[in-house]
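Labels for the chains are A, B, C and D, by order of writing; each one numbers its residues from 1.
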Amino acid sequence: MNFGSDNCSGVHPAVMAALMAANEGYVASYGGDALTAAAEDRVREVLDAPEASVLFVATGTAANAICLGGAVNGWDRIFCHEDAHIETSECGAPELFTGGAKLTLMPGDGGLIDPDALDRAAGFWAGEGLGGSRPGAISLTNTTEWGRIWTAEMLAEISAIGKQHQLLLHMDGARFANAVAGSDAEPASVTHRAGVDLLSFGGTKNGAMGVEAIVAFNPELAARLDYIRKRSGHLLSKHRFLSAQFYALMEGGLWLELARHANDMAGLLAQQLDAVEGAHLAQPADANQVFAVIPVDAEDRARSAGAVFHKWASLGEETEDMVTVRFVCGWNTTEEDVSDLVEALRG
Amino acid sequence: MNFGSDNCSGVHPAVMAALMAANEGYVASYGGDALTAAAEDRVREVLDAPEASVLFVATGTAANAICLGGAVNGWDRIFCHEDAHIETSECGAPELFTGGAKLTLMPGDGGLIDPDALDRAAGFWAGEGLGGSRPGAISLTNTTEWGRIWTAEMLAEISAIGKQHQLLLHMDGARFANAVAGSDAEPASVTHRAGVDLLSFGGTKNGAMGVEAIVAFNPELAARLDYIRKRSGHLLSKHRFLSAQFYALMEGGLWLELARHANDMAGLLAQQLDAVEGAHLAQPADANQVFAVIPVDAEDRARSAGAVFHKWASLGEETEDMVTVRFVCGWNTTEEDVSDLVEALRG
Amino acid sequence: MNFGSDNCSGVHPAVMAALMAANEGYVASYGGDALTAAAEDRVREVLDAPEASVLFVATGTAANAICLGGAVNGWDRIFCHEDAHIETSECGAPELFTGGAKLTLMPGDGGLIDPDALDRAAGFWAGEGLGGSRPGAISLTNTTEWGRIWTAEMLAEISAIGKQHQLLLHMDGARFANAVAGSDAEPASVTHRAGVDLLSFGGTKNGAMGVEAIVAFNPELAARLDYIRKRSGHLLSKHRFLSAQFYALMEGGLWLELARHANDMAGLLAQQLDAVEGAHLAQPADANQVFAVIPVDAEDRARSAGAVFHKWASLGEETEDMVTVRFVCGWNTTEEDVSDLVEALRG
Amino acid sequence: MNFGSDNCSGVHPAVMAALMAANEGYVASYGGDALTAAAEDRVREVLDAPEASVLFVATGTAANAICLGGAVNGWDRIFCHEDAHIETSECGAPELFTGGAKLTLMPGDGGLIDPDALDRAAGFWAGEGLGGSRPGAISLTNTTEWGRIWTAEMLAEISAIGKQHQLLLHMDGARFANAVAGSDAEPASVTHRAGVDLLSFGGTKNGAMGVEAIVAFNPELAARLDYIRKRSGHLLSKHRFLSAQFYALMEGGLWLELARHANDMAGLLAQQLDAVEGAHLAQPADANQVFAVIPVDAEDRARSAGAVFHKWASLGEETEDMVTVRFVCGWNTTEEDVSDLVEALRG
């Protein structure tokens, strides 16, 4: 009953098999191998983006920070949600990779940036001149840090505001697969066709060992990204083992299959939480994460039964008796895990 | 016949098996798992350094840059060899991670920093005051970029100079295993007992998929390293898969066994090069790399036969007819590979 | 009738005379001259801080950014007010000088950081671990960006919270003179005796040509500050001309005399605004700045009459008919200027 | 008898008068005043560069570092002489402002970069790929750190090499006036017409209090420079006092008059050194600096007589009895100073 995070899970057998298969003989290092080229091609196909640049790295923080370093300079502002991973959980990686750009924090329900607030903030800072730092980019997370999905329509709205203020648009897609699976959207329609310039396309949380694809739909950014990946130490020498993982995920739509399963398990859990007295969802469970406000007693019971999950920053609904928690479902969560958890919560 | 680099090789079966074995169930992410603790312990044992901090990362550039970021500030100078990997091959990673420290390039035969030159340079810059940047650290590579080994005696001399000038001492040990195997030294005697403060302990080139251990013998540096690893995106979430690799290398002395084999193959090659007319070694083949000056004809013959290897920056012995080349032997190089190469060179 | 900013004013005659007097013969450059030593001593005397380090620079942004660069690392958080100059008006200077530290924005009336919010935020981020960046420092502005004064009591409260969370305390004192004059406090009692570690002590806005003193009460920080000043290009070669300005301000208490005058003019203006129909103060006019909500008609009349002043970010009291404005009084503002302005506003 | 540096001199009376004249009434801050616009225009006229962007700052290190920050990214290499001020005397300012670009040190007599060495180095690093960092810019100093002048022909040669390798060309002109005066060149012919993209045009060493003009002949760089000046704290608020200085220097050709005088005094000194037994010039005295190898006895005599000057890094001609020294002449050096010095050296 581990609902702590999708990065507490292991590696999907198909990915592991791909790693073993890639371990044959000598190949060129640093991404000069055929498997890397093939994996990049697969990403371009999946995203229907034949001109895109694709770079693989081992962590989501690296993917985000390299994207942002490519997008802006140190005198720019990046608009993101106040709960964005790049603000709360990356120890200043965006600042390191951009040379000190500012993250300007936006409100918005469920981690979804409020479009009006963004429009006002971008306009305000543009008017502040040199001293105010230049509005440079938007970074949004899909699915969000509260498990919500950006639809093509929502993205179009944000993107239009961004274009009006000359902002590049980055999507932190550590759980992009869950967003696509959860909305049944075409990958292209929620990325470049919706105005996304740069995508961090996550693999690690979706059954890989450690791989994320940086995708630059805007080819002018590609050279910068190459240099930034190299100088930040994120160009792996035995690169075939990154590529093998992503290739395996793309192959036969495995990435969507795994994400759909995780989403389904979260949907099941969300539904069964009705049976836990006093519990209610903090946010709609759009994808593979369930945020719930539950009685402290229920929390205690579940932990005593061995369930692993995190308390989460409050949404203002907490009292002495109630607590906000997060349950994450992964590619390997089972229906039994879900029912065991619910049973434990119910006592 | 691939002598291009030890990172063109694949992963040793024992490491691959360890990755598979580590893929069981749920564990805490970001290094909070038991296997990580065990692997760190094994590194401390091997180095006889019970107080050392150990941090695993996926690339050698990351290991070096994080070490240097922990050691110095942006207003410092780092003294390194003019052919040091951190200067020639990391795209400014040390500068990024240190906030702009300067690499001051030292001469020295075979990549071994000349002690007198170092002493003079450190003294000179210390005398230049604020403007000259503060002498802060030495970074040396073992084995060097020209395949040479720093012995305990040589290290003691460099370290004494460093202490006199209040310089921290970093060792880029991307091929540390080859240095230890090649000198039959105790690991401790060529690291902390010789005055080394920070070690990049390489695994990738020695049969791993992608793992290096950062070792801080000076515990005051540990907190800085933790933060720098995190904010540079080098704390892997499914961290057990880094730890598993290093654990497997340490287990039963596999790391030394593999390095010894690679060194033996290089020794064999160095010896057989005598039979290639006109060829001679550019440097003694102390470990697993052979640098040779060979006739251009021989080079052409070997390439035609399918041998893979790199031309190397000249040592000043090149003419129209002669070229300097590098042959790297790895854990999987065979005697047959060596004899095939020599045969091809001889024509 | 220029109430635009105290940096639109010229230089006080005594400062200009000091510059001319300093222009005699040859002296050592880069601060090695006797006048610099004397000026540093005067600052230490005025602050009753015999052990403090004093460094002169030409701009307030430099003073703030060098202080913060000395105080924290790139993986730290600096807590400041959401309207702090370092956030709104310095184009990311703190981020550049610290290597990318985060500014975490605090609410609080009148630019005064809310102590409870600070306590919660520091505690929250300390609990977030590596990813959350380390709480490192507080930066507050005295007088604040809304013209308010931090009293010794208020500082003691903030400082106690800071110590509890191991935060260094920086004071942006671009208008420190106005704060001291406005509260009749001893300079020491609102700086080091109240827990301030680093002070940006402004001269430019108070009659100088361009000089600020960085004061490090914590001597461990001094070496870092020296290097940061040098490498940011803020160590002036003909340094005597910075020192002469600050010496002249300190001499005979000129700095307080000028600040008191500016404060008095602001007090007069605040009082006379009663006579402007519909106008009211947005904040108490503690020092030399008056923030007022005035009818748009009054604004138009004043501008037509040639008055110079800035609209200010809204306090939420704006309507179509009302606007928030800032009037700044300087060392050279006259009673006539004030009455002319009020007359123009009244129409 | 102060020959220590031209920044030990005071301010020329005309500059001081201009500062007093500028101290009238209220003007817009941060460069929005009429005098700033006029001073910028005068620089454009003097350089015959009507499209150039001009930004004033208070120090030479700021001018150089802002130029380089505008020219390159952190993953670039800047080629400069091994004795370049940006390498030896700015505490890593270029690295801070560029985000960690590398300075690659070139040999060359008298501080003049050897063109062949530059060509080879730029070609070599371009061939090293990502890891080697990208060749991005050349920075040369005119007059050089050894008092030599770059002629239009020499600049054309360097510039042609630079263009071939796609390098921007920056000129550190802390003593640009001395270079122009010493070569009787048109300012345009040794800057933009010779391929210079960015100029640090010095005023401080040439009679000002503290002002340098950054000139961007390449207008695409201007926006970057504006932001970098601001965020490094180098946009002075009472900006008219920078502009007044530069305007006064430009007015009536004062800058060239002062430089010509300093050069003449250096010429006189160089000539009279013939009379000092055992002394000889280390470099031709092209402009206002005289580098000489003199007997230690002569040095001792001169210092006993109160002469101020610096020992200089050896040119390899030093022995126990001989020492290399630098004598700098300024706008206020007199013939009597020169003859007093020579007399003291002779004993």
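Quick notes on this structure:
Please note the rule applied: contacts are C-beta pairs under 8 Å (C-beta built on N, C-alpha and C of every residue); 3 or more make two chains touch, one makes a residue touch a chain.
Being a predicted model, the structure only gives us computed values, none of them experimental.
Considering every other chain in turn, the ones in contact with both subunit A and subunit B prove to be C, D. For subunit C, the chain with the farthest CA centroid is B.
Comparing the chain pairs A-C and C-D, the larger number of C-beta pairs in contact belongs to C-D. In this assembly, the C-alpha centroid of subunit A lies 41 Å from the C-alpha centroid of subunit C.
Inter-chain centre distance (subunit A to subunit D, centres taken as mean C-alpha positions): 50 Å. As a whole-number value, the distance joining the C-alpha centres of subunit C and subunit D reads 34 Å. Residue positions of subunit A touching 2 or more other chains, listed in rising order: 74-75, 90-92, 96, 99-100, 130-131, 133, 227, 230-231, 235.
Residues 74-75, 87-92, 95-96, 98-103, 105, 124, 128, 130-133, 313 of subunit A are the ones that touch subunit C when the two sit in their complex. Within the complex formed with subunit B, the subunit C residues making contact are 73-75, 99-100, 130-131, 133-134, 224, 226-228, 230-231, 235. Residues 2, 4-5, 7-11, 16, 19-20, 22-30, 57-66, 90-93, 96, 204-205, 209-210, 227, 230-238, 241, 308 of subunit B are the ones that touch subunit A when the two sit in their complex.
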